[in-house]
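Each of the two complexes below includes chain A, the first together with chain B, the second together with chain C.
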Partner chain A sequence: MSYAYLFKYIIIGDTGVGKSCLLLQFTDKRFQPVHDLTIGVEFGARMITIDNKQIKLQIWDTAGQEAFRSITRSYYRGAAGALLVYDITRRETFNHLTQWLEDARQHSNSNMVIMLIGNKSDLDSRREVKREEGEAFAREHGLVFMETSAKTAANVEEAFINTAREIYEKIQEGVFDVHNEANGIKIGPQHSPSGAGLTGNQGAAGGQGGGCC
Partner chain B sequence: MASGITTATSSRDAVRIKVIQHSHCEVDSQCCRFSVDPELTGYEVLRNLIARAFDLKGEFQTCYLARDDRFPEACWLPMLSDFDLEMAFIKSSDPYLLVKVELLSSNGTWDAVTNMDIPKLSLPDLPRNNYSAKLPGIFKEKMEKTLSIVQKALNWNEEGDEASFRPTRPPLTDSEFQQMLNRVGQLAHPKELRLCVYLGGLEPSLRKVVWKHLLNVYPEGLTGRERLDYMKQKTKEYEALKAVWQEHLNNDQQVSEEVKYVTNMVRKDVLRTDRHHSYFSGPDDNTNVQSLYSILTTYALNHPSIGYCQGMSDLASPLLVTMRDEAQAYVCFCALMARVHSNFHIDGDAMTLKFQHLTEALIFYDIEYFSYLQVHQADDLLFCYRWLLLELKREFAFEDALYMLEVLWSSLPPNPPEESLPLFEVPFNPVQEEKTPIPPPTPRQSHYDNVCALRRQRSCVSNRSAECLAAILSRRAASVDCDGPETGAGGKKLSRTWSQPIDTSRVRVRVPSGETAINVDRIREESTSPEDSPTRNIRKIRNLREFQLLTKNKDSDCESNPASPCRDKKTLSNKNKEEYSKPLPVSCENKSNKSRRCFSDSDADVGVPVYSDGGEVDVWQNPVATLSPETDQHLQIVCQEEQPTTIQQLTPKVNGQHQSEVDGEGETTMTASVNSCEEVTEVTGWQVAMSASGSPQVHTMPPPEEFGGGNPFLMFLCLTLLLQHRQHIMQNKMDHNELAMHFDKMVRQHNVNKVLAQARRMFETYLKLDFSKARSKNTPPSSTIDQSC
Partner chain C sequence: MLNRFKTALYNVVGSFDPGDGTLGGLGPGVTNNLPTAAGVARTGVSSSSSKEKSLRFPYTRPHFLQLGSEDEIQVTADHAIRPIICPRDISRLPWKSGYAETINAGKSKRNEDQAVVQVGLLTRPIKIAASSRTYTSQDKRTFNKPESVINGYGDADQLQPEVQEHTVVLSPQGSTLSASPATELKEDFNHSASSFRKERSNKKLSRIAIEQNTVIHHPLEETPSHSSKPLPSQPSTLQQPLVSSVSLPYYLFGVFDGHAGWGAAVAAANQLHHLIHEKLCDVIDILIPDPFEDNSFKVQSPLWAPEKEVTVENAVTGALEYAFWQMDQIIGEDKHKFQLLGGCTACVALFIHGKLYIANAGDSRGVLSLNGQPHPMSFDFTPETETQRIRKLGAMHPGLLGGEFTHLDFIRRPLRSDLGKRVLYRDHFMTGWAYKTLTQDDLKYPLVCGEGKRSRVLATIGVTRGFGDHDLKAQCSSIPIKPFLTPEPEVRIFDVASADLTDGDVLILATDGLWDITSNEKAVSAVLKSLSHFPAEDHDKYKYRYTSAAQDLVMGSRGKLRDRNWRTSNDKHATIDDITVFVIPLKPYKEEYQEWTSKQKANGGDDEKSSSQSINSPNIKCDASELEADTVASDKNLSEEEKRPYPPVMLNAGDSLNHEKDALEIKPQEDYFKNEVNQEAQAEQRLNTTLHDT
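Moving on to the complex of A and B:
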């Protein structure tokens, strides 16, 4: 399936905050409490539509443990969007946000759109981090904020799509250089000068690689 | 009469054969039909075809329905030899030859082996299956044609399905394992055990017992009773270690930060480890999940320099599932971690080295593929991280992973603990902890930082070029240093295993451990004695030639793969025919030597803490070198259909200079070109060089004791995964992201037999390379002298 743009995302945050579950909920629309511990980086992809344009999201789900952090770092480069996730039921995951953000800012391109996600909103009874705290952090650091539940799917679509929308706006404003793949954005085959009107090889290959589309 | 037979059979192009399998345990009989060329099909060949057609793993006997006019009515006659088969072809094959197959009970297969020497034990079914060894080269081509027809007749998938990747040996059975123990239950044949498991894995029921041997849980020489006591002791030790932190966790008011950190981490991770497996499925407080948690926590708290790191749960889980006992699984985990803990070290050196070696191997075996990855900025191979860290455990379905793991472990030389396997580094002591609270380990500089920094750096071409050039220069200097005195020594070292006819096993028994190192060196000297040199030269040239054939000759399929049938034809015409005509006794002798020497080396290790250089050579030659030359041919049967792809994958490599030397030249010049290759190797040592186009080239591989941080087979498994998706990746022009995603999606889905078959083949070919230069670079000549003094 062809697409107008491909955006590369990265999901970061402490171990166990629900990064892989968010991804799975978004790509497969299901919650799987039992899943593999992420070693290094795992992947997902999904097609979304913004302004009648097909946009493919290619999402890199990273391992949260400190020991893996530099693989995370190495993937910031070339990401257009990042979901920075914490767990509202574990204060320490919120406390580590500054570190994550520092990392992200330091290793990514300056235009990368970062969305702050307070996950596990379904576990309100065990909440340790108030919604307002998340909002305040986001405001302070210029992030978009949302509380989500990978379990109930609440706000999951929105989180990914709003991020995409913001990236798309930046493209339209000419902030992103779409021809530089290091920005995490790729123009789909039908937009490339030579491949106008064709659903070329590139798109096909992309579809296969993603596997979820 | 004899000529009459020949005439009669030669007048027929094909004989139709119908085979029915009569089994004692299964009610239903199977049957299959195929045609064979009576001229080319011998008794062994037929047995082989039958074994494959019915997937027979054990012994079986064949009889045929005689429609002979000597007998009043058709009756079953045993078919035991070529003569029987010939008679059957002549007298009883109209309209078809009916053959009955009866499976024998597996008991008895090993009876004959008990009192026999080790070599036969190590490869009990080789002579039976190894039909191609018996066929002169001229017949090979015709034979293959026939075989392919037969394959069609038997509906074997030509593209190489499961059948062609089937392990070279059926899984080791209980009775076979019993044969490897002596009367008091000591493991008398550790090498052979490893070889058998390497070739075919274990019957699942045997894993609980044999894995402890493979994982080096037991010190050498324990009797069966002692092993039981040993495990009892270890279980007690474990329970004590576990009790300390559990009590601390339950009773103490102030739980130390370290314990909190570790238990939290581990608890989260065990809930996401192999939960799809029935053993860990169900509610989160499942006792088996709890066991995994206890194992990992106990390990982390009692190994402060390592602690807990994600990935460990994946390594421990198969052990627990197999042992079905928490304490035993812990002991196994300690044994496993003794080898792989460096992967989890914060410095990242071990992982960096593995990435580096994988890169070198890819350059060496498939420069074109590597260039593709380079162009797509995927040459850092970071997507292989999980493969390397978990030793591919997650790349195969769980049960397949168990098989892959035991094969992988068996590819390593035995390394039993000296007295007892330590279950802790520093025993966890909560009281002490509280006095001097250690901050939770939140390393800012993780090993991943280092690995990735290095990988990313390397993905930048210019950096790599500089790096490589520096490497060449330093290595060249190293090899020049030792060129003079060491010239040719490498070949001698390598061939030592093949040329030493003395049975060193007796020497080993008598020689105290301290002296064994000297013994090794004496052997090395002896191996250079003149009467050994012819054999040695033959071996050496064959090795190098195989290397050349492997690396070149795109045009000729059969030549470009050393395991292909034509190799033997050529070798035969080139070399000493007498030697080749009786390959079995020669190799048996060698095998026994190698095995024995390996044991003496491990003795040497007790006395000399550092591996002796020569000792390592033998240890590493052992697991698979024992296979050649027979097993090459054996393997080629099993994996025949797969080879063309392999050849394609393996062809583009090494620089063009060698290519021109070999291409288009006749057999007579082979030796010359081999020599020149040798010279080149001697000048460059093992290493990375730059071709004219600026792309890196690796001329020689790191030796097995270094390759992959001492786990060379893992490297070949990873390489195989990469190569088996080469076509798909390149055809679809996958970029870095796409191919990383592609491999990510392959989690638990690789075909274990296909991967193992190719990895084994590559590994075996690799072991025949000449590593002398790489070794001499790393081991200063003086150290060798020291040992012999």
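Moving on to the complex of A and C:
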């Protein structure tokens, strides 16, 4: 399928806050309670529509583990949007946000849209971080804020789509240079390559003109 | 400087898209690879004829990465980010081995490195009633052909290979009675697998069958079990002796570094392991001798023609060498019929019979990390290290030089003004230098030129061993390059079973993308550092340790992008090449093998499942006592090992079924790494390593 733009996202935050679950909920609409540690980087993709335009989101899910930090840092570059995730039931994941933000600002391009996500909103009884605290942090650092639940899917769509909308608006305003791929934005192929009359294996191998998803 | 320029260029240009017709001749839907790649200068490849041919294999990444869609493959091919990709499910690799890869910085659209992992099982029936007189033509021998393919390169959704079965039954005269594939075979992987069996191997297997008067039967099973299985009852009118079977598991890891297109590397990753399996089946009677075979039936070799003794090592080495050779031939044949571009190097690690065999053709490398020390298990074959072989070939067959190149090596490129002067040179039979008076002929371009990574044969190719390149011509000429290349591997052996191993001892198997930047020593210390983050004692984290190590190695050589250049952590040039790395722990194989040998011993070459059917066999009677003896033996073995300081010793594994015994009768030998090919190569390797490091 053809798309107008491709946005690259990165999901960051402490280990165990639910980064992979958010991705899985968004791309596959399912929740996996027991998830293996992400090693290095995972990725997923989904098509969304903004302003009647097809936009493909390519999402890079990184390992939260300290041991992989030096590897995951290299993915900041070339991302148009970032979801910075903490766990509302674990105070320390909120405390580490400043560090994550510093890291992100240092290694990404300056226009990257960062969305702050307080995940696991379904576990309200075990809440350790108030909603207001998240809001305050976001305001202070100029981020968009949202509480989500990867389990119930609450706000998950919104989190990814709102980020995309913000990026899209920045493009309209001319903030992003869409021709520089390092900004994490790619203009879709002008014409879908599907008409080339390819079949079977040949199609699978040759159809990398960009249009498949 | 050149590198710097290239990286800058790639970053400005972004990833190439040769699919848009910039490379004329490549129509829509055919490959999108660039005909330029590591080791091969531009214009070397003729791609014009590939227009109408269909692809031999579709482009893919290693199956164990489980990249389900073309979309995901594309994500991994991000030249600007160069993500480090590792398997999603670590348990798909034996012993939770580590694997990581990254793409080049833009020199080719696709990642031209490929990798394969296979767990296989060789099964041989053992006749229990050895004394019963039904040998010769009624002798039944079964080759099981189960292939649990971790990397099947099959359909993305087809994680387990289908159960396939086809039988070749031969009449006593040796003519084929039936060949019946039980299932229709799928495209790609299955196609390749079956095409061997149907077209190629059947021919050969039939030959063996004729010679040995046997019945060959190989079903593909879904999963290998380390225990052997009782024979399926064979429909046969022949008298059937009591049979059981012995199964020998093996593990294969391979890396292939493609150049001038991805075709050959993908073909090798799809097929080489099948060929190796086939060749191992061929020598199964050497790998697993029948303990009950009555040797008196063997024809004594006459005195005037003594037979050479063949060990398991010889047989496995031969299987690898034969498979490599045939792989190259198959690619050569397929190049006529299909679109199959480029060439590739190959480095295969095979764990079988308690030993590790590394077969290497090219400049990928296997290095053991033992006790924190690197032990190279392969030799880098490059134009520079093989200069004598290549120049000798040129001297013997001057026609191969096309009148444009000289096999002589001059201390510096001679100029026209040097004509008639005495210059230092060396001929193909020399390693040192001598004087010669320069003639017109000597002004031709040298057959081998350049140094180190930039050395080239016929000014074109930078690798001298591997598969493919059949259609490659020297740049700006019609001189074929293939005659100077060879698929012959060098096979080195490490005795895993008798080595004193810890959880930190691994094999690092990687393409030159890693080794160009990271020395053996640095690689070993990087692995140890990574492993320390995921200690072996930590049960939860254990499974990540080798994957983490592989990632860190890739990271070390890929570095980070700084000011449009890929730089290492100590701000030196990082590689812009594809990088592929395996980190394989050695201890689990040793333990598995010990278990296997003690089981074999305990069962007297039999299996629990089948022992019931052979309860009357005199060979089974001593089970209990043997078992007891066995425990004692392995205990002794252990304590012996604990006491024994490293290095371990090499065993002569002549008799595969007496490994316990062998392990006890350790014959001290000096070199525990056996180099099957040439000692001088090893010396050169040492030199090479030191050069590398400096």
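Assume the second predicted complex is superposed on the first by the 190 of 213 C-alpha atoms of A that agree within 3 Å, B and C clash if a C-alpha of one lies under 4 Å from a C-alpha of the other, contacts with A are read in each partner's own complex, and residues count from 1 in each chain.
Just so we're on the same page, a contact is a pair of C-beta atoms (placed from the backbone, for glycine too) under 8 Å apart; a residue touches a chain by one contact, two chains touch by 3 or more.
Because the structure is a prediction, the values reported are computed rather than measured.
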Quiz item: Which of the two partners, first being chain B and second being chain C, lies in contact with A:Gln58: first, second, both, or neither?
Solution: both
Exercise. In the overlay, answer first, second, both or neither for which of chain B and chain C A:Ile39 touches.
Key: both
Exercise. Name the contact category of A:Phe68: first (chain B only), second (chain C only), both, or neither.
Key: both
Self-check item: Touched partner set for A:Gly188, first chain B, second chain C, both or neither
Solution: neither
Quiz item: After superposition on the shared chain, which partner residues are touched by A:Gly118: those of chain B (first), chain C (second), both, or neither?
Solution: neither
Self-check item: Which of chain B and chain C A:Gly18 touches, first, second, both or neither
Solution: neither
Quiz item: Common interface residues of chain A with chain B and chain C?
Solution: 36-37, 39-43, 45, 58, 60, 67-68, 70-71, 73-74, 201-202, 204-206, 208-210
Quiz item: For chain A, which residues are in contact with chain B within the complex?
Solution: 8, 15-16, 34-37, 39-43, 45, 58, 60, 63, 65-71, 73-74, 201-202, 204-206, 208-211
Quiz item: Considering the complex alone, what residue numbers of chain A touch chain C?
Solution: 36-37, 39-43, 45, 58, 60, 67-68, 70-71, 73-75, 77-78, 181-182, 193, 196-198, 200-210, 212-213
Quiz prompt | chain A contact footprint on chain C (complex, rising order) | solution = 14, 17, 19-20, 28-32, 54-55, 57-59, 69-75, 78, 80-86, 88-90, 100, 109, 187-188, 530, 533-534, 544, 547-548, 551-552, 555, 560-561
Exercise. Spell out the part of chain B that touches chain A in their complex, as residue ranges.
Key: 265, 268-269, 271-273, 275-276, 281, 309-311, 313-314, 344, 346, 382-383, 385-386, 389-390, 394, 441-443, 446-453, 455-456, 732-734, 737-742, 744-745, 747
